[in-house]
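By written order: A, B, C and D. Residues from 1 in each chain.
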Amino acid sequence: MSMKGAVARYVHDGDTVVIEGFTHLICFAAGHEIIRQGRRELTLCRLTPDLIYDQMIAAGCARRLVFSWAGNPGVGSLHAFRRAVEGQGNPALEIEEYSHFGMVARFSAGAAGLPFWPLRDYAGTDLPRVNPRIRTVTCPYTGEALATVPALNPDVTIVHAQRADAAGNTHMWGLVGVQKEAAFASRHVIVVVEELVDESVIRSDPNRTIIPAMIVDAVVVEPWGAHPSYAQGYYDRDNDFYVAWEGVSREADTLRRYLDEFVYGVSDRAAYMARQPGLGPRLKAKQRYSSGVNYGF
Amino acid sequence: MMAAVAARELSDGEVVFVGIGLPNLACNLARATHAPHLMLIYESGAVGAVPERLPVSIGDPALVTGSLMVCGMADAFQLFLQNGKIEVGFLGGAQVDRYGNLNTTVIGRYERPKVRLPGSGGAPEIAIHARRTLVVAKLSQRAFPERVDFITSPGQRVNGVSRKQLGLPGAGPVKVITDKGVLEADEQSGEMVLAALYPGVEVSEVQAGVGWDLKCRARLGRIEPPSGTELRVLREVLDPQGLYLKA
Amino acid sequence: MSMKGAVARYVHDGDTVVIEGFTHLICFAAGHEIIRQGRRELTLCRLTPDLIYDQMIAAGCARRLVFSWAGNPGVGSLHAFRRAVEGQGNPALEIEEYSHFGMVARFSAGAAGLPFWPLRDYAGTDLPRVNPRIRTVTCPYTGEALATVPALNPDVTIVHAQRADAAGNTHMWGLVGVQKEAAFASRHVIVVVEELVDESVIRSDPNRTIIPAMIVDAVVVEPWGAHPSYAQGYYDRDNDFYVAWEGVSREADTLRRYLDEFVYGVSDRAAYMARQPGLGPRLKAKQRYSSGVNYGF
Amino acid sequence: MMAAVAARELSDGEVVFVGIGLPNLACNLARATHAPHLMLIYESGAVGAVPERLPVSIGDPALVTGSLMVCGMADAFQLFLQNGKIEVGFLGGAQVDRYGNLNTTVIGRYERPKVRLPGSGGAPEIAIHARRTLVVAKLSQRAFPERVDFITSPGQRVNGVSRKQLGLPGAGPVKVITDKGVLEADEQSGEMVLAALYPGVEVSEVQAGVGWDLKCRARLGRIEPPSGTELRVLREVLDPQGLYLKA
């Protein structure tokens, strides 16, 4: 399916949307298409909103943000996010805040079909004071109090991966973050891949499969779809872009000009890449192949 | 200088949960000098990372290539951190207070912040579970208030309540490495006290950057300046572009 | 380390011992060495006691069995187990019984450093009636009652795997069962492998690492150590042996004669294999290699 | 015959959690005949298995080679089963009672069993979570008592309490496939009633193998005998050594 078609079909105004990927495999291509299609009132959930949600917030897609660390990794602030939260945004963005572990636990509960997840966390912190959804439960064996977070079950989760077959059986390697949990927790799943492969490639290494076709609604083939984040074995992280974003996003109108040129100004990811001919050669990954293993009996 | 001092706090073979920025630089300096077997674990799930370049983010691809293990984040937080396998946690903070409580969430009121900071990340669970936590922060009245505006990560005492009473497994922030000296948590009071000074620094200069009446250890330590090796590795190997060392 | 040395050092009388592996990678070599060293009063934990615990029960190593399915897979009964539980054993074996999910949850809690694990299970069954350690907790969000099981933290867990480096960083593929959780839950971990490999082999495919060296106390190289179970890519399951066990174990004295010849009668796994020259050629795995993946950037 | 009838209960593309023995045989028969896209998931963690030989155990290496996914058992039970992704569960039982409760634990008192059976395995969670559960068992007074000696896996009613009141997500055992006919759970009473007979079998023969006063559907179905294809696949392809078909 095309990204246009997948977003049109599975992302609706008011939905709870997850585009996961911890630094690695963040599907900017999907975020840009959601911006182009003008989705509104979304509840955006991610551990690290990163530049992709900063752009979606700037474009007015978001009503609420559920997160655990809202910065520009290794650089500084997410300025569209800050403008919205510091009250210069209009309307103000609602926020619901956890720690990384808390967000991971919310996805774990959602994926396991449980209403909550227990964790030993938050004692002595101010987080439960500002987030009433962080609660406690008493251990039926030791009597001790443990923190809990509620299950997170998104309407749609978008996962970027290295390769999948046509049905959606998906291989992912390198940092896998919380994508498996987010996908299993979600009502609908869109898988976006660098490469479409034959089912036999998936079946040659079943332990590498993170997401099975049975929970996948749409498979989109979108090379370079994770830029400026990266795809291990395909292309490197574009650190220059992350550093440059500080300057681009500091003022609302320079950010707007970026969106005009690189999001609204292109029809899809192919056009996005065509506009930046230098990217491919600069970021293409070197070869460091793993050795195969024997699955015979 | 802070990076060098922080690196010296790490012993060879220790298991460190690494945060980004200076902690990351310090860990890689330690690995390149006196602690070649330092086990670096990143919350991103990379275990035993041997980055060929200084990772700009804790999710850098260089942390994965050639690492010993890559696990999901549920495993990183549950099987490693919550399960007590992490010996040293390494944190920074926009604000550090008298009892080592850290704030990386907001300056001002949460509901109407003066400055909105990135937030928790994995800091609360690191400060709670790591067997001991090291903090790195530059001294200033703004950065070292009597009490932080928001407790993102618990220190030695929270509103007078001890870690033990709170049921926190780890020892919490035991040292705060600053740009002028090193503070240590006092065993009895849990208060951060001055333990050692950088070369040529006076106590008054440290006090000037701290928002409470700073107590001093009976015998103040003197910190050795960075060795030639430390400086060379930092400047030439780890951070040639001065990404962190400028700061 | 030798199997003799590892068992002597890390398995003591009265310990809680786990030899995991769901049909796949069951470390019979370790079980046999524990029998040879005459360990007593052990609490043996496994989802499926399988023939290995049936042999250890017959040899008098066990005081208590914690399990979820005690049969001979695809064949029938575990007769030493049945004799002990049906009161013909002397002394009688204590049992603590869960379902598979319950045992998996116990290991998951132990590995996560939590005192319990919640699951939606056991309502309407008689298991909580006969096992008071199965309890309930109330969800702080929905108010519904969920079942709980207590954490299981063994003194020692023995994991068999395809390959590891000298430090104990372990690659495992095919069915991985609950070994990761059991190892992380355990005070001590012994890893037994078919093949010792250079650290560079492990580092070439870090997503394949199930157990990191930092939790491993001993690495034992013991080819064919999982026979009559199997090692994917190394040798097939010996179904004939499992079928034959029905006849061997049905009477206490034929079982005893088996132990005399193949456990007490051999010094180690090499001798065990030397006594059965036909095994290797009959069970050796065919080649079905996976394709490698690129870890470059 | 039971295998063939059980296989017919499976529709192409359905997701089945497969137990060992006859269920395993039935699933592979369905896959070889009318349901090539049947998704077989084994509690061992093998997903989308395409066994080149009939697996003797649910952990057989043939289930792994060429499968679509292999996951840990925590994922098999939490992400697939408890998360409601399994459409059909397939169980056998030493005892099946009037309300479809299953016993695979003990004959006699638990504390002093006459016969100790293997126990639960994954049966309780399958009977609780699968959207519907199929049971296969051979008729006999001993195997079909009014009430099982021990409830390993819950049926339609437990001591008069309905599944809904117990908060069980799945529909539970909706059909019991025996060697003489098929029983179905009555929508109102939850009781297992006779729904269809094998060729040449009388109602009295089924009643003779059931320990309660068996009710019958108003219109009793007649089950077609195994087709030539079904028999050929069973005897020549799936079970040439008669491992299961002997039984």
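General remarks:
Note that a contact is a pair of C-beta atoms (placed from the backbone, for glycine too) under 8 Å apart; a residue touches a chain by one contact, two chains touch by 3 or more.
The model shown is predicted, which means the values in this text are computed figures rather than measured ones.
Between C-D and B-C, more C-beta contact pairs join the chains of C-D. If you average the CA atoms of chain B and of chain D, the two centres end up 57 Å from each other. Centroids built from CA atoms put chain D at 28 Å from chain C. Per-chain CA centroids place chain B at a distance of 40 Å from chain C. In terms of their C-alpha centroids, the spacing between chain A and chain C amounts to 38 Å. Across the assembly, chain A contributes residues 113-114, 119-120, 144, 173-174, 176, 180-181, 204, 207, 230, 232, 236-237, 285, 288, 295-297 that each touch 2 or more other chains. Multi-chain contact residues of chain B, defined as those touching 2 or more other chains: 46, 61, 64-66, 70, 78, 82, 129.
Chain pairs that touch one another: A-B, A-C, A-D, B-C, C-D. Across the interface of their complex, chain A is touched by residues 20-21, 43-46, 56-61, 63-66, 70-74, 77-78, 81-82, 105, 110-125, 128-129, 150-154, 158, 161, 163, 166-169, 243 of chain B.
For chain C in complex with chain D, the residues that touch the partner chain are 22-24, 47-48, 67-71, 73-74, 77-78, 81-82, 85-87, 97-102, 104-105, 108, 119-127, 130, 144-145, 173-178, 180-181, 230, 232, 236-237, 239, 242, 285, 288. Of all the residues in chain A, the ones that touch chain D in their complex are 111-114, 169, 180-181, 184, 199, 202-204, 206-207, 209, 212-215, 295-297.
Interface of chain D with chain A (complex): residues 15, 39, 46-48, 50, 61-62, 64-70, 75, 78-79, 82-85, 129. Those residues of chain C that touch chain A in the complex are listed here as 113-116, 118-120, 133, 135-142, 144, 146, 148, 150, 162, 171, 173-174, 176, 201, 204-205, 207-208, 230, 232-237, 285-297.
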